[in-house]
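Consider the two complexes below, in which chain A is the common component and chain B and chain C are the respective partners.
Right after this comes the complex of A and B.
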């Protein structure tokens, strides 16, 4: 696992494309916005037209500008929450898995407790006690979301660490006399990378959902433009019922799209970890080109190997060792 | 039994954490919110309401934090959750009328979604690499869309525009609630769209998990053996699926919390008289005693559902009865 390369399946390519698109939008979205998203300069309730691609709000604000501008706040909260939650889950998960014993018992209990408490109600309760200054602070909101979102990653990382702990190379490092911290950081951590990446994507996905939901309910500052606040104002003005789909639907589609992109990337990581899924994810074109049967056959796990320029697929009988992968 | 005992003690600890958090949060709140809240009460304020607010925030009590905490537990055991500020009724009776709606709605949707997703996932796993695979990105899209967004779109499309389903509320205003056919029929009709929304949003998770396990399972020797001895395909699929479903069942208790979180908002969209709708109303009105009571009830219900899911797993997988692994 020295080089982490995602399988080049169509799913992964589409996922990378979507995520890259929204990443760019996060950076340049507010500059691209043709108008100030808060300025009430225009006639209210205009339909989509050449000058207002998505029409205007009941207050006469340009909806397309709000959509572009809102990308940044939405993504920043999601990324802050994703990063903090991932760091927390690494600290708790790796320590629990590697140290074992009493430490493991305590840390596992902690993450299991956080897994069992339903996240959104807890978020809503904490948020309802925040003063107004806290609600408009994207970083504060991101931190609170990360508090409810780290436990899943910790659990997965703990399991992976436990399976790595007794491998020969870790044993060897221990015999050489490397320090515990060095073993955790330089021997075990790099091998956790795929699991770590997958848990980061999952947490970011969760954070987008949580943030947008809080905003939609009106628990974040309604003056900060994000896709949730847009839907909050649309709902508050009865836009969906009035047939103003161009106000309510675009932010929802954006959220669903970025979520789909992150999930597709996650499939790629799953396929990287589990070779059987990789074989199942191959497109018909690759199958034909490499002489595999169109329908996958029982008892065969084709192994996809990358030679310079093209994907080589060789049908292979599962050997006793490969049957244990992912089982 | 040891495994179940360990899970049970986990849920007891979780319940304790939730209750303690619930107690501490109002005490950590800066400023003096009591006067502010009393100002919000519409109409006559009763002494019980003032007392309830003072207890909640620990203001004007001349007691240490610890004895307040003990008092909080005492009130909990008496089933006293305080008095709602806006509704002027005890929180426990407000909750008693809302909880059955939510448990019914989310319970039915979760079971439906699990069964549908597992069957679809088993088929997707077996026919991997075929055209059926194109279902995956579509299902992922529905899963990634927020529940409330999907709910609103479904409501407008099938409820308001096409008039296929009745919308808003849990039953028709023209029938009186009670155990007779008209009411039950109305209940089922009004429940259709919320259930469809929750199933649409949550089915992809089960489907994809099952598909991946199925693909891993198919390469096992026992499946090859089943084919080799000439079992019909239907039986082979069932054989593999029964083994592949175990991780899904093990994940059931994890997923319940996520589904509940999303479904609370579906209630808001469809104006369903459940706990989710109540919670969001309470948040808008800053009705803290009600918010606290709702959070407790949601957490306890989710924990009970988790325990049920664990018992189910315990029954299905004989290995859990001997091994200590959770």
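Right after this comes the complex of A and C.
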């Protein structure tokens, strides 16, 4: 039996495909773009055509180039914010859950405050204090977004840590004198991986939304192309009223696709990390092929007689040959 | 149900509650499937106790979980049938019904579960909800299955059930963690008996308990069985415990039933080398002490194809053909006892240890005390 088996269900594969596609776009998108996205070289308000796949803006810029170029900033902000917010939530959540007492009170208060403050207005306020150079810096924006995105993950991780800290294996580690840091990192953290993974994916998704919203409101540098700025300009030029769908629909679809991809990937990560789910053995394909129900149902073990025509062994006089193990 | 257990007629002797035929259970499916229970035939007689013994991984728990359709994924029942016969309480006159458990729908199974077949699990602490008082567990159970009972009647029934297992009624207001292991296990037994089931399955109910508590519980089970006449499947790895409680014993090894016999016969005169090994690895209940002999080696890896008898590489009396041919489970003598062993094919190959004469116990009679007077010689 292979020790590591990647999940193969179609939904996971689709998720991996979508996320990989956009990851590649992050790297080579600007290089693939046929034109300079900011150059106003073309006739304005052209519809989609062979030379401009998604038409041109009111200023005569190539929209397809903007879409490809905008992928990078969007994804970088999302990943920076996702990573930073997840790290913050692990530190706060695990520490609060494991250490308890005053530490827990303080850290819980902090995360509750961040949960209670509406994220977007806070973002807008912080962002409006940024100098222009900061607004064009994807890393800076990512850091700011992560500030509003970590609290939810911290709450979930704290709850999970609290339920883990009194398990026998953690108590045993305490008794033999392992250091707190070691217990938190090596005994508890691996058990948090499924929660952590989904927390990371959904924080990333939240970050995309937050970044696009900021850009759409006009609070990021217009010199940096991202999918939010595209929509900002489309809105500013009345594209929805003029029926110029090719201007604002493609960035919207890209955002929705990434969201779908991340959510699908989440299923797979859960299956991949959780050894118990991994050991469940029967894949959907096998289940269909064997006529078993698609999902195992507790308290209703499936009956699937493998070879109905085989020799029936009677209690009194059995045939010895029919007892071989395996098919 | 009300018919007492004494004075059984011949009809009642042949009367079975559970009939398991050619039962096979796999873990997984296709080429990687592991056969955990292989062509098992067993029957549980009405008001009798079937003991299932074997070491860890022999398939005894898998068997009963699969028969009751409780086995978790990736367990798959890959062959055979299991039929439950019970007196239908909903029928106007007492009517005997037989249900094919393998063909039963979810709602049919739900109707049978707990009211006809109940189960007592090994870990009572995990089976009881830690935030509910014991009384609540009884109340919920009775509320669900006996809708006609009023609140006071449910309470009275709970008190009565606790009395049956020797617990005071003040336990009803306790939480599970406030009770000792033995008390919790008694609660589980009381819960299992709450609806007068015809079959109670005990999955190593005493394994987590100390021997004194074990003894008390086994005695209590024997009394309750005699009083209410339910049948029992008792799973354990402790053969000497089984002898006291069971009427018949089936010994399982790597998914096969290797020996089946009335309890006293099996204990005093084992016919399969594996049974002998099991008996020799625990101290005798009385009589001379002898050196305990374990069974050398380890059970076979079920994921590997196996030729011949699954016990052949650990068997002290192995014959040449044992590694080649699979021995069938066959009736050995007029008492109806069965063993799956080639040694009994030819009278000359039967070793002395497997040739002992069974002490006279009438078939089907619980055998308290009978084996106590035995001394056993060692292998070879």
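Throughout what follows, the second predicted complex is superposed on the first by the 259 of 327 C-alpha atoms of A that agree within 3 Å, B and C clash if a C-alpha of one lies under 4 Å from a C-alpha of the other, contacts with A are read in each partner's own complex, and residues count from 1 in each chain.
Here, a residue touches a chain if its C-beta (ideal position, glycine included) is under 8 Å from a C-beta of that chain, and two chains touch if they have at least 3 such contacts.
Remember, it's a predicted structure, so these values are computed and weren't measured experimentally.
S.K.: Is A:121 contacted by the first partner chain B, the second partner chain C, both or neither?
M.R.: After superposition on chain A, A:121 lies in contact with chain B alone.
S.K.: Counting residues of chain A in contact, which comes out ahead: chain B or chain C?
M.R.: B
S.K.: Once the shared chain is lined up, is A:270 touching chain B (first), chain C (second), both, or neither of them?
M.R.: In the superposition, A:270 touches chain B alone.
S.K.: Identify the partner contact of A:172: answer first if only chain B is touched, second if only chain C is, both if each is, neither if none is.
M.R.: Touch status of A:172: no partner.
S.K.: On the A-aligned overlay, A:39 touches which partner chain: chain B = first, chain C = second, or both, or neither?
M.R.: Neither chain B nor chain C is touched by A:39.
S.K.: Kindly list the residues of chain A that each of chain B and chain C touches, one partner per complex.
M.R.: Correct list for chain A: 280-282, 287, 296, 298-299, 301, 318, 323, 326-327.
S.K.: In the complex formed with chain C, which residues of chain A make contact?
M.R.: Its residues touching chain C are 1, 280-282, 286-287, 289-290, 292, 296-307, 310, 312-313, 315-327.
S.K.: Inside the complex, what are the residues of chain A that reach chain B?
M.R.: 11, 14, 109, 112-113, 115-122, 124-126, 128-129, 131, 152, 205, 209, 212-213, 216-219, 231, 235, 240-241, 245, 248-249, 252, 255-260, 262-264, 267, 270, 274, 276-277, 280-282, 284, 287, 294-296, 298-299, 301, 318, 323, 326-327
S.K.: With touch defined as at the start, can you tell me which chain C residues reach chain A in the complex?
M.R.: For this pair, the touching residues of chain C are 21-22, 24, 26-35, 38-39, 41, 65-66, 69-80, 102-103, 106, 109, 113, 255-256, 302-307, 325-331, 338.
S.K.: In their complex, what parts of chain B are in touch with chain A?
M.R.: 10-11, 13-14, 17-18, 21-22, 25-26, 28-31, 128-130, 136-137, 140-146, 148-150, 152-153, 155-156, 160, 212, 215-216, 218-221, 223-224, 227, 253-254, 257-258, 260-262, 264-265, 268, 279-280, 283-284, 286, 288, 291-292, 294-295, 298-299, 302-303, 306
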